[in-house]
C-alpha cells in the first residue's frame, strides 16, 4: 500500500510551474492553479444553483481538486503539444494512464487503488460538473493572462486572453455567461 | 455584487507565504497549503469510509478549500501570536470576521453573500469533517517540517515536527491513527 | 543572557517580506526597509540641521534601526489590520510587548535587558527624532509605491502612493516639505 | 525570413527549468545546462586529442550548443516519459520535428532554413563528436546530482547519481574513462 | 592536474547575475548570457558565410563559449567601472590574468594548462571571429534591454538600448548591418 | 542638488547580492548586510560601554549605516580581488572615490555634498567606532557562514567560517572577545 507515494506526488505539484516556456511576472504552480480552479468551480456552482440547476458538489469539488494530479508524473508538456492533433492528444492521455499505473497504482492495495484512480481520471466529462470544471480551468488561465497583461507582459498573454475569452463566450453554461457579463468587467477594470 | 473581489482575494493566497519569519528551502504559499490540506482531507476521508464511517464529502471538501481564505484579508499573523491565549485567539477571530465583512461581504448581494460567508467561516468544528480538516491541517504542517528537516533545515523544523506528531498521536480519528502507523513511516524513510 | 536570540531575531527580518498579500515586482524584506528608513532619516536629519534645527543623531539612528525589530516575533500583520481601530492598535501593541518579553528579554541579564528593551520600544514619539522616523517610514513606503507603479504594477500601488503623499504634505517638518518640493519631483521623473 | 523567432526561441531556454517535478536547491535553466554541456564537451575533446584522437571541433561545439533548442517548442517533458519505450521516444521525436517545422522553419527563407534545421537535429549520432555530446550531457546531469546531494537533497538525486555513473563507466570513450578516474574523485571530495 | 576546478568555475557562472545593481524582471546568469552570445555568433556567422565570407567556426564557437569564464574568478565588476578609462581597463585585465593563473592554471598539468589558457583569453581580437563575438555580446545586451523595456522597466534600459544600437549601426560587419535592418525590426514589434 | 540620486543609490543595495559567485541557500543583499552590521555594531557598543569604555554612538551608527553605500556604484567586486594586494586595494579605493564623485557628488550642492561624502568614506579607521565596525562586518560574515554550513552548504562556507573566526580571536576589543566567548557558542549550538 502506498498513500505515501500519493502524498509525495501531490506535493510535487508545488514544484511544477505553469506556462513553462514563457516569462511570467507571477508564475503559479500547478498546485496553486488547481486551488484556484476549485474556487472558480465553487463560484460557478453557486451561480448555477441560484439559476435553478442542481449541482453535485461532491463530484464538482473532487473533479477540480484532482484534475491535474497526473502532471506530477508527466511534467509540464506544453499545451500546444498536447492539443496539437487528436492523435497526439490520445497518445498523451494513454501515456498518462500508463505512467500513473506504473508509478502509483501498481503498489496500492484495494479499495484505495480503485478509488484514487477514479478520482484522478474523472475529469472534464459531459456532466454539468465536468463542464463547470472545463470552464473553470479556462477562467483561471484567463485571469493569469489578464494579470500578466496588466503588469506589462503583453506578449503572448494578450493574444491568449482573447483566445480564451472566445471559448468562454461560446459556453452554454449559464454561470459562464454570468461570469463574462457580470464579473469579468470588474476584473478588467482592475480590482486585482 | 462583487464576485470579482472574491476571486481577487483567493488569488492573493498565492502571494502569502507560510511560516513567515523562518528560512525555508521550499516555502509553500497559503494556496498550495490549502490545496495540500484538501488532498490530505480526501485521503483521510477515504480511510474513514473504508473503516465504516460516513463522510459528508461535500462538506469536507468545502471546509478544506475555504478554511484559510480569510488570510487574504489579515495577512500572515504568526501562529504563536494567534494561539497565544484564548483571549488573543478570540480577538483575532473577531477581527477576521470584521475585516472580511468590510472588505468583501458588505458589497455582495444575497444569496451569494450568505453562501460565501458560510463557506469561509465553517471550519474546524466538532463534526467528523471538521475534525478531519483539523488534522489534515496538522499533517500538512508535519510534512513541511519533515521536508525541511530532510534538506538540512533542522532548526526549528525538527522540534516542530515532534510537537505536531504528538497532536496526531492524541487524535481519536481512525484515519489519523492509520496515517501515523501505516503512511508516515514510509514518508520518514524518504519517499519524498 | 542571550544576545544570541537577539541576533537571530534581527536576522529573521531578512526572511519577512513587506506588503505580504500583494504581488510586487521587488518585495523588500523588513531588514531592507529598515536600512532604507535609516538612510532617509539621516537625509531628513541633515536637512533639518541645515535649516537650523538641532538633531540628536544618536537617538535618530537608534530609532530608525530598531523600530521594526519586534516584527521578528509577531510576523507580518497587514497594516490595515493593525491600524484599523485604536482598540486594535493598542491590542497589537500589547501583544508585541508581551511576546518580545517572553521570547527575548526574559532570558537576558541586566543591564543588557533594559538597554535593548529601550531600543526596541522607543519609536515614533513627539520628539523631532520620533517625527523624522515617522515620516521616513512613510517616505520609504512612498518610494516602494513609486517603483511598483513605474514598473506597471499600478493596483494597488498608485492609490497607496497618493494616500501617503497626502500624509507627507500635512507634515509640519521642514525636511519633509523640502523632500516633497525638491527631491520627489526628480524621483517621479524617473531617476530610479 | 525569421531569425527573430529563432532568437526568441533560444532565449526561451532561460525560462525552462531542468528536472521540473523535483525540488532543487539550484535549478539550472536549459540554457545553463547547454552552456555547461558545451564546456564539458570541450574538455572531453581536449582529452581525446591529447590521447591522439582527431576532434572535429566545429561539429562538436555545434552539436553541444544546439542539442536542446527544440525544448523551447515542446517544453519540459520529463525524461522518464520521453525514454519510457522506443515507441514513445520516436513519437516524441516526431512531434518535436513537426512542431519545430511549424513554429520556426516554415517561415524561414533558404539557405538559412536548411542550415538551422541541420544544426538543431544533428545530435547524439555515432561520430566521435556525437558520442562526446551524449556523455557530456550525462556528466552535466551527474554534476547536478552531486551538487544536490552535497547540499542535503539526497532523494532522488543520490540514486540518479549512481544510475548515471553506471552509464559513464560503460562508455568506450577514453575521455569519459579519464573523467571518471581522474576528475570525478576530486569533485566528489568537494571542490565545488 | 585540476579539470575539477575548471568545471567548478564554469558552473559558478550560473550563480553570477548580469547587470548587478539594477532591478531586472528577468536577470540572466553569466552562463545564460554566454549561451545566448554563442547562438547569436552562430547566426551572424551563417549570415557572413551567405554573404561570401569565410568563417572559422571552430574559432568562433570557442571564443563565444569561453569569453566570460574569467568572471567566475573576479565576480561582477560593473562595466562602467571596467571601461571607465584605458588605465582601469588594463588594470582589470591584468588582475583577471593574475587571478586565473593563481586560482586555476597554476595547479594544471601541460598540455591542458596551455590549451585552457588559450581558450579563456582569446577574445574580441581583430579577426572576423573576434569581431563577430564583440557584436554578438552587444546584441545580447540589446535584447536584454529590449525585453526589460517591453516589460515596463524603462529606466535605465531604454537609454542603454539606444546606446548599444548606436554601436551596432557603426559596425562594419555585413551580418550586423543585416541584423539591424532585417531582424531587429521584428524583435521590436514584439515577437518576444 | 540631487538627493534623489542618493536615495536611488541606497535602494540599489537591495539588488546587489553578497558572495556573488557562490551558491547560497539565503543570499543577503548588501542592504540586509548593512542593517545586520549596524545591529551587531550596536550590540558590541553596548558591551563596550558596560565594560567601561565610552562609545560615540552617533559616529558608530553612521559608520555602520554608510560603509557599503559605495558598492551601489562599483558593483560586487569579489573580496579576494579587492584584498589581493595592497596595490590592488588602493587601486579599488581610488576608483570608488572617483566614481562616487562623478556619479553622485558632482551634482550636489553644498553643504549636503560635503556631509554625505564624509558619511560615505568614513569607515574602518583606528577609533573605537571604526574598530567596532571592522569586527561587526566580520561577525556578520561569520554568521552567514554559520548559517550556510548549518543548512548543508559546507563548501566553501566552513573554511571561511574558521578563517573569519581566527580574525575575531585576534581582536583586541573586549566586546569581540565577549562575543566569541559568551555569544558564539549559543549560536553554534543552533539557536538560529
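Note that the chains are named A, B, C, D, E and F in the order they appear, and that numbering of residues resets to 1 at the start of each chain.
We adopt the following convention: a residue touches a chain if its C-beta (ideal position, glycine included) is under 8 Å from a C-beta of that chain, and two chains touch if they have at least 3 such contacts.
Everything quoted here is computed from the prediction, not taken from an experiment.
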Quick check on the contact network: minimum steps from subunit B to subunit E? 2
Sorted by label, the chains bordering both subunit C and subunit F are B, E
Farthest chain relative to subunit F (centres taken as mean CA coordinates): A
Which chain has its C-alpha centroid at the greatest distance from the C-alpha centroid of subunit E? B
Given the pairs A-E, C-E or C-F, which one repeats the contacts seen at A-B for over half of the pairs? C-F
C-alpha-based rotation, subunit A on subunit E, 0 to 180 degrees, nearest 5: 120
Averaging over Cα atoms per chain, report the distance between subunit B and subunit C in Å. 32
Using CA atom averages as chain centres, what separation in Å is found between subunit A and subunit F? 49
If you average the Cα atoms of subunit A and of subunit C to get two centres, how far apart are those centres in Å? 42
Where does subunit B touch two or more other chains at once, residue-wise? 15, 23, 25-26, 147, 151-152, 191-192
What topology does the chain contact graph adopt: line, ring, star, complete, or other? other
I'd like to see which chains touch which, written out pair by pair. A-B, A-C, A-D, A-E, B-C, B-D, B-F, C-E, C-F, D-E, D-F, E-F
Would you mind writing out the residues of subunit A in touch with subunit C in their complex? 25-26, 147, 150-152, 190-192
Quick check on the complex: what are the subunit F residues that touch subunit C? 1-8, 10-11, 13-15, 26, 28-29, 31-32, 34-36, 38-40, 42-43, 46, 50, 57-58, 61-62, 65, 111-112, 115-116, 119, 143, 147, 179, 182-183, 186-187, 191-192
Within their complex, subunit C touches subunit B through residues 12, 15-17, 20-23, 72-78, 80-81, 84, 88, 91, 95, 98-99
Mind pulling up the subunit B residues that touch subunit F in the complex? 23, 25, 151-155
